[in-house]
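Dropping the structure in here first, questions after.
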């Protein structure tokens, strides 16, 4: 029987004989769920403090969406204003994902406190953030996150992440549009890369300067210099500089102007 | 009820030999207790009033509202088992939302009464449920003008095909009362609860069918009737809860809202005054009698 | 004569050619919006000391065809917020109905308490979550929306959300072409939040009208009939059938290289 309805070699063919054609082929999707909202962030940890910073410009292509969209968020404080928070998250990349990530982490840190009756440590929060990012690895949060706080020993803690949750604790990290401009500057000024003790030898015998934790005031100056320089060379960075200084006493926020061009 | 203990009152969906469903009749009994509720259909709106008995002095005055809004233009009040009334409202709201999903317009009051009526009636059919222990008053206003469908973006053709026939009468005030059996009728004035008999006889005096009573007068009458109906249970304290729905040109613009405090208090003042006057009259009559002696 | 019932009434391939049955298939992957269909163009809005002014023209385009000319793209939500929709009109209608349902439900829980009504910032947060969820499901609502109104703190509020769920707020905002043509004009008036405090309602209305005119001159998908709304603590004034005034096409004479003027 089946032979009667076979292919075009038969004398007569009918529509119901043939398998569907084009409709079941893979479909081309023209909707792209990501965008880049520009901007840059950085974090530097010291002996007893951590400084987080980010510019406040939001862009779409060559357009400036707004001159004031913060990239730094307090995590796990009290109430809608996050009073008394001791952890700061910075996110740069796709802002909508950044907001979603911030809200999820904030919710979980708050839930931890409600359920365990004590605030989450930075190291625990850091690992939780890694898991949140990794859980969405097949449709990632398109963000470069940096998490800052004070650890259980009272030292400055700073963690940086890739979009799918790989993370490490570092002394300093720059992320976002101008990261390639800021990071080498930080390597040189915070970790003293390419600093040598004069006259300690010739060529490879030159002794490197050993990095020591910098005082807070110096770091604040470094952050401001890093951003004023980045603003000159990168069009997506500018408008305002949001800085959060974390110490054992809590978080102090500063807002400084940057060039608006 | 004489048939108690005959076995025919144990389950819904079982008729007694003389063709009664006792469960429904018991439900009607439940309604006969609890505060009086009245609804008045005036010429330019509907008033709903409730005698809310204060069951505890520990409850916050003017809180725990009992008259509910369904969609934006319908008010529902019930007497009987309060939780049953709450469920009734939940269902009414779901029906109104469902109607909007399909027709992109507010549900007409009659359609809502019909749908919740069907729902209440369904609770007389199955042994797994019991009938609603409430009688509900549903009042609302159907828009007298053309309303844009939800999400409408343009005005449509101003002339030619697609225009609306002029001169047709649309919308207006509507009032329905739904009983535990699922039965519902449209009314000019409706009353339920403990003082319903008194309230009904007062409502009959108003000649509502003439369609001359205004909403403002209706508010005063509703307040007065609640106060009159309360006379029989004078020992209990109560709060007057009152809502209204006016025409689009009236004070609520076709929405179901609480009667503003000032207007309600004025209506209460007048209600108390008229009661006092009646008392005075009676006393005067007694005095007259004595004089004659 | 063919004896197979399946073949009765069917076109024969040897006469009509191979029948394309692809449209009959129902086992396709579910299809979502990949591009908008009937669209609205720019929405512009600016804050002033007591509120916000927002405007959008009344045109809905079908590609390059000016399809509907009385489409109201400013939508009122309760007494404190107006939404301006750019992008797909059917998605706008969906959102309008969604928010209408929300408003009905809000009324159930606190009908006569002005303070607990949803404010403009509440609505913006809600919308941003709806939009972000839909983009995450690869089923976007193809709109760029401006939310103009009064915030919970009784301050003027203006913010935007787009089909990706991206949100931002600024003293002045514009979607689509407006972001390029109208924003620079408005930013001159309100460069920052501080400047907003010195702007009167009249100034804000004037600059918005100026922006609508510039957009009509340069945006091919725009129209001279528009809607404008002013939202303040006193309430919402909305005018839906405005016409652009004082147009001057003198600049057009200096444009070379189009139409009959070759050089």
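Here the chain labels run A, B and C in written order, and each chain numbers its own residues starting at 1.
Definition applied: a contact is a pair of C-beta atoms (placed from the backbone, for glycine too) under 8 Å apart; a residue touches a chain by one contact, two chains touch by 3 or more.
Remember, it's a predicted structure, so these values are computed and weren't measured experimentally.
Undergrad: After chain C is dropped from the contact network, which chains belong to the same connected group?
TA: A | B
Undergrad: Taking each chain's centre as the average of its Cα atoms, which is closest to the average over all protein Cα atoms shown?
TA: C
Undergrad: Count the C-beta pairs in contact for B-C and for A-C, then report the pair with the higher count.
TA: Between A-C and B-C, contacts are more numerous in A-C.
Undergrad: As a test of understanding: of all chains, whose mean C-alpha position lies farthest from that of chain C?
TA: B
Undergrad: With chain centres taken as the means of their Cα atoms, state the distance from chain A to chain B in Å.
TA: 59
Undergrad: So what's the Cα centroid distance for chain B and chain C, whole Å?
TA: 42
Undergrad: How far is the middle of chain A from the middle of chain C, if each middle is the mean of its Cα atoms, in Å?
TA: 31
Undergrad: What does chain B use to touch chain C in their complex?
TA: Residues 68-69, 71-72, 93, 96-97, 100, 104, 150-155, 257-258 of chain B touch chain C in their complex.
Undergrad: Can you list the residues on chain C that touch chain B in the complex?
TA: Against chain B, chain C makes touches at 60, 68, 70-73, 89, 92-94, 96-97, 100-101, 104, 107-108, 111-112.
Undergrad: Enumerate the contact residues on chain C facing chain A in the complex.
TA: Contacts found on chain C: 2, 4, 6-7, 10-14, 18-25, 27-29, 31-35, 128, 132, 135-136, 138, 140, 160, 164-170, 173, 179-180, 183, 191-193.
Undergrad: So in the complex, which bits of chain A are touching chain C?
TA: 4-5, 8, 11-16, 18, 20-24, 27, 29-31, 33-35, 37, 58, 60, 63, 65-69, 94-96, 99-100, 139, 260
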